[in-house]
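Down below is the structure, laid out as structure tokens.
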Amino acid sequence: MITPPEVSWIAIAPDLILALGAAVVLLVEVQWKPAARVLGLVTAFSLVLAVGATLLQKLAVEDAMLAADPERLVAFSGMILMDGFAVFSRFALLGATVLGVLTGWRYIEGLGRRGAEALALIMLATVGFSIMVASNNLVMMFLGLEVGSIALYVLAGMSRERPESDEAAIKYFLLGSFASAFFVYGVALIYAGTGKLAILDIRAFFDQFIVTSPTVIYIGIGLVIAGLGFKVSAAPFHSWAPDVYQGAPAGVVGYMAAVAKIAGFAAMARILLTALGDLDSIWLPIVAALAALSMFVGSTLALVQGDVRRMLAYSGVAHAGFIMTGVVGGETQGILFYLAVYAVQLLGAFAVVVAVSGASGARSSIDDYRGLARRSPGLAGSFTVLLLGMAGLPLTSGFIAKFGVFTDAWNSGYEWLVVVAVLASVIAFAFYLRIIVAMYMDEAEEEAPALVPTVRWVVGLAVVATIAWGIFPGSLLDLAANALAL
Amino acid sequence: MIVSAGYYMALAAALFVIGALGMLLRRNVLVMFMCIELMLNAVNLTLISAGRALNDLNGQVAVFFILVVAAAEVVVGLAIIVAIFRRRSTASIDELSELRG
Amino acid sequence: MLTALILLPVAAAVVMMVVPARRQELHLPLGIALSVLPLALAGYVFWIFEPAPGFQLVELVSWYEPWGINWFLGIDGISLPMVVLTTFLVPIALAASTSIKTKTKEFVVYILLLEAGMIGVFLALDLFLFFVFFEAILIPMYFIIGIWGGERRVYAAVKFFIYTALGSALMLGGIIALAVSYSSQFGSPSFAFGDLASVDLSPGSERWLFASFALAFAIKVPLFPFHTWLPDAHVEAPTAGSVLLAGVLLKLGTYGLLRFNLALFPEASVEAVPIMGTLAVVGIIYGAVVAIVQPDLKKLVAYTSVSHLGFIVLGTFALTSGGLQGAVIQNVNHGLTTGALFLLVGMIYERRHTKKIEDFGGLQKVMPIYAGFFLFMIFASIGLPGLNGFVGEFLILIGSYTTLPALTVVAAGGVILAAIYLLWAYERVFTGVPDKEENKALSDLSAREISLLAPIVALVLVLGLFPGILLDKISPSTEAVLDYIEDQTAYVVPEPGRLADVYLAGEDR
Amino acid sequence: MTDFLWLIIALPLAGAVLLHFLGRFVGEPLSGWLASLASTSAFVFALVAAWPFIQGGEHSTTVLLWEWMPAIGANLELLWDPLAALMVLVVTGVGSLIHFFAIGYMHGDDRFDRFFTSLNLFMASMLTLVLAGNYAMLFLGWELVGLSSYLLIGFWFTRPSAAAAAKKAFVVNRIGDFGFMIALMLVFASFGTLSYAGIFERADEVLGVGMATAIGLLMLVGAAGKSAQVPLYVWLPDAMEGPTPVSALIHAATMVTAGVYLIARSSAIFEIAPIASTTVATVGAITALWAATIALAQRDIKKVLAYSTISQLGYMFLAVGAGAYVAGVFHLMTHAFFKALLFLGAGSVIHAMSDEQDMHKMGGLLKKMPTTAITMGVGTLAIAGIPPLAGFWSKDEILGSVFARGGWFSALWIVGLVTALITAFYMARQWVLVFLGEPRWSQDTSPHEAPRVMTIPLIILAGLSVVGGLLNTPFALRLERFLEPSFEYVTLQNPPEGLAMFAVLAGLSVMASLVGGGFGYVSYNRPKQRWLDFEDGFEPLWGTWEQAYRVDDLYGAAIVAPGKKAAEVAAFGVDLAIIDGAVNGVGSAVRRLGELARSLQTGYVRNYGVLFLGGALVIVIWLVVGR
């Protein structure tokens, strides 16, 4: 007698909605060839529904926690989790998607009939990463990772006018697949060592047993870290990031970077903190070393860039290091808060890039930003706030985020990492200041960039969020604190 | 003769390394592609032999998923390569190194 | 009350933002008018401040409870003079900015935000909050130098920003470490100044933490050898920027050393006395020597700051009543005199568009009033008794001798050098017959300019002759600092009067 | 009465403030009269206040004005005792006369009112100095007189030499102040206060000999700066760049005696420190002789007087160093009379000669300006020590007291005697060169006697120079009795007892004066400038003297030039190149690191793969092997 597995629709409702939305977009396009706006509305509708479903998930999580019945949060025979951690990450992913679509809207419109494909790909990528952050099974996680990643590979190469787009796509694809292979090989080795694939099972395994010859498991851990390190663009697995950020269409780069980072770190937190929490003496030094390396490589390389998108890419590498400092700190609150505020800042920054360099992103050299403060003071001011936020200056959300992860890392005994981190953040100041210098202190006779309303919304929202969370961080911090993993 | 799982896993490791090195050494995008497939299949072999050794089905089931993923990757990858080939009529990856620094 | 003191400039900045950018003639007058409000409030606070130890007008609002961070403000005799000085200098700095012709609105906004930040630093009693303000003021200052500065403004602005940020970054590490130790010892997190002072630290970690704080403040002061950002920043900054930079920003460093290093790490402070004292004295002499041969008037004044602030640090780490009181009051004095000197340099720069000493000569003939003000401020800066600079310097020197005799003797040499560099500069700029055509037609100070300087002159005189106005309010707090250090460590403040026995023991009477 | 002591300072200060703001409207000559009024009224007031002391039996009092720096026991408080009273009377008395004189002298100067502003400021400062009740306030006055001196030396600021002299005076004084400040640190460290009241009473119980010596020597440094003693005297000759009334008031009669006053005031400390005292005396003696020889060969009428002043200040140091405090103060007073007289007379001459100061271009002025000539003659006799003029009594008391000390002081006594001889010589030389002989001035100058506003002060001062010495003769030590309360902690050194001893010593010094003066008169009262040959006969010594031993050049080469060089090295070598270089070096090093790392980012997928694989391998190897 085989009992059919219990289906918990709520656990995958947002993902289902988005997947359906993607299908509808494609079908509608094929059938009626409507105006882009119609497809946009469908996408928006799907996203709103997905957000609503996630809200329901949050309520369900709260119920379960009140009822002290965490078993309720495990769905699909232990494949999917619907814990606070997953819900928070999913919110972040959906938020990034909304902002990403808004930022890229002009670009998507400009793609003509292929706009539908872009919308569908975006939604599918979100589905993949959303499953990834919610999965309790390493193979499931791999599936989510691949669904999301493959969608991103295609997105990266969607631009026809710019040859760099091809290059970005093939690089991203080849290296991404390469890294995925490492990741999944690591999963296989962990499985070989423990016989478990589910995260909670692995945790239970290490709670019960002490492994006598753990070499295989260790290699597996190392490979998993390397694979995830690629996704979050941590040094030395970062080399794809600048090329892809620069080559891929500006309209979607912010989205790509944000969701990959959210999902990658959520997965890293799940695997390292939840599954391998008992082995932290094994992976802590590695993660700390990668964090230090990322912060330094990212900051110093960003310092010498002439292209704002590459600079943001390297800044992303540095941020990966800061978030990994949070992983070393071992508190999901710090990691999630950092991810959320960074995603917002990153999307806002890329919205500015889109505004300045046009939809295809041809003009993203730092020279194109000269005198922006004169040409378009609002945009320059917003960009300044976002850059200062990324730099982590007080009164911005970035400062609170950095402060959080630093405190956690200090708490877990990694004082040296905090020292390295504060020094690296000083180097980081230098390149954020370079852009500000160009905007405010250099003069150039050029026209003010035309601002698309959707981009304006994104920038405004990001600026408000950056300042608001910098001054009143409490609400978001509380949310992140409650977003516990099972 | 019963061959222990260790040998299979060693073979898988060797395949994985060969695939990784091939990825680094070959210039043709298609061949690099195949190398990645090789790496994924090494993973599959590992999972199967481990599952067999542990007498656990999960590992073997996982192989199906990975096979599917590999197939999906091929589809997307070939599409990208075709797109590039149309524009540049070359499949050498070294031609694609304009983004750097 | 104190919250209002911080928020008033912010509100003023908001008001400024609303003013249309094209109504340029409104910006500066409105800005000045608005900046008088915080001054009035600060004056009121000064008035109601009781000369007693401990913090007054304390305000405490939770910011984020789980982390133990609070909006925690209070004022005592050490911060009170600084707050008043800040609010006093801002209207003057604004009124001296008539030469700012571009983006005046933004300029006023940045100055007002800077003011809010500076006041915040002095009032914050929560280290997290303190750090927020401490770091936040970099931004407006960065823009003030970078946008309205001189030729190499970008270099100077970036150097200023990065260098000082480097120091404060390490201090952030120190603050985190302290807070973590606190929560592990007391079970709940807190960043409150008083709480963190009660953390039990091992001698080793206390030294490291002391160093992390001290480095941040030493760069800000700036203490030799961390001073090289200062001349660049001063030379490039617009007049208002220089005035506030020298007048207030540098004092964040000396204030921090006095407020935080001494109280949070008394043991390490006592140990560090020789090091900090030596650096201070080297700075006094070195800054003065370097100032002598500076070809640029503004750079010269900048280096005098290095020298003068050395005195303040020396007084702070002398750990005596005289030294501490002198340090606090010298903060104010230096702010006034050096601020005024920068105003004066700015006035001549507006006329001649040069600050090179060699471009002048014989100015006293054409601009006697200007020369008079300049000479007055020079003597205030030299430390002429009767003027404010003397009170601080003399208290510091006399007070420091009891604990740091050798260093203080060397420091006293700085008074010779001060006379050399300032009077030589005066000689070259003002005396002789004006021989350059451009100089012959210079107009003397206008009524507006005189009215900027007059209040400073008045304060210089009043504080020089009646320092009790400030000292009465300062001394209970500085005594409290000393009592605390004596309480926490084996250090005993030497009782002057017994030193004859100490230093020349063994001789017959 | 003492409740209003502050008025003594406040009156001239008020004058200064008033003239500063309103002087332009008041104009000439009213501003001069106002300033003189302020000064004179201070004198009158001081006289009234000092009356109880003159009558005897009154105790000294301390008046607290207000708290200044209570943490170091330094408040604004006045000490009113005989010493202070005497100083106040000298300062205001001589000062007032000079004020009047200056009304005539400064006639026509376009900054007439400014001059009197500064002059009044000086008066207030000097009175602060002598009335101070603690060392901090003394230092206040000490520095303020330095400021006034700076302002007045550089009064004609368009002359580069005047501006440079002003700066030099202030800076050299600061070197002295450096020592003084350290002395104050030691005083505070020892006593816990800077107030006289808390110091002198307890000096002998608190201070060890070593500490007292240290304090004394450091005070000597300060005093040597202010009173132009070896080796810090170099500023005073240059200070003659100021208008002549300034030279008379500040650089002869009053300010430069502040060092003597300081040592006299601190007698309780010096009493415990014989080495310090002896050093003071020795420095004084050396200075006296050193400056006298330089004065011999000067051609500038004011330079002669300047070096003479230095020399006479040396006498005072010799006196206070020998413990003859009253003699020192006595000489301070008489010197104030005759040196002010001489300077004012010189001013009158310069005025008459249209600002000519070279004595070689004078001569025969006796007929043209008899009042000046005669009064200056009185001054010359007084300074030369011809009885019964003032200088004789004071100088004789000094020499007698020094002789009485015996030992090392005997050598100093001989130096003093030789100096007396030289003094008489060069003063005679000056008077003869200026007033006798054939006129050597050019035709277009027409010397004339000064107006009465200038001559009356000359006459009064001449009268004082004649009778001033009678205040304290061995036959009636009025001044000593008057001042005794101020020196209650010391045993005053006096000349040897007995009329016979007095006769011998006085005879010796009178002899020295007569020989010197007579020789000078004879050598220079010769027609056709034959004295030029006389001077040539002393070459190269004469040239060395004329160039003041070239001490300025020595200081320039040994201190100023290397100092400037060092400053340049510090500023451009160390600061810009090394320290700032290191700062910028860190920045560019980071950038270079970035560039280096950038070259790893080749754009080739294979290289990225290698990087990835390398990273993964390092992790795996570390996990497997490294742990």
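For clarity, chains are labelled A, B, C and D in written order, and residue numbers in each chain start from 1.
The rule is short, and it goes like this: a residue touches a chain if its C-beta (ideal position, glycine included) is under 8 Å from a C-beta of that chain, and two chains touch if they have at least 3 such contacts.
Keep in mind the model is a prediction, meaning the values are calculated, not measured.
Chain C has the C-alpha centroid lying closest to the overall centroid of all protein C-alpha atoms shown.
Here the spacing of chain A and chain C, counted between their Cα centres, is 44 Å. Separation between the centroids of chain B and chain C, computed from CA atoms only, is 65 Å.
We define each chain's centre as the mean of its Cα atoms; on that basis chain A and chain D are separated by 79 Å. Chain centres here are Cα means. That of chain C falls 36 Å from that of chain D. Multi-chain contact residues of chain A (touching two or more other chains) are listed as 170-171, 174, 178, 242-243, 430.
Counting partner chains per residue, chain B has residues 20, 23, 32, 93, 96-101 touching two or more of them. The multi-chain contact residues of chain D, meaning those touching 2 or more other chains, are 587, 598, 601, 603, 605, 609. Chains touching one another, given as pairs, are A-B, A-C, A-D, B-D, C-D. Of all residues in chain C, only 159, 162-163, 225, 227-229, 286, 289-290, 292-294, 321-322, 325, 362, 364-365, 379, 384-386, 390-391, 394-395, 397-399, 401-402, 405, 408-409, 412-413, 415-416, 419-420, 423-424, 426-427, 430-433, 465-468, 471, 475, 495-497, 499-500, 503-504, 507-509 touch chain D in the complex they form. Taken together, the chain D residues at the contact with chain C in this complex read 66-72, 74, 76, 136, 139-144, 147, 150, 154, 157-160, 162-164, 166-167, 170-171, 174-175, 177-178, 181-182, 184-186, 188-194, 205-211, 214, 564, 566-568, 570-572, 574-575, 579-580, 583, 587.
Touching chain C in their complex are the following residues of chain A: 388, 393-395, 399, 403, 406-407, 410-411, 415, 418-419, 422-423, 425-426, 429-430, 433, 437, 440-441, 473-474, 477-478, 481. The touching residues of chain D, when paired with chain B in their complex, are 598, 601-606, 609-610, 613.
If you check the complex, the residues on chain B that touch chain D are 20, 23-25, 32, 93-94, 96-101.
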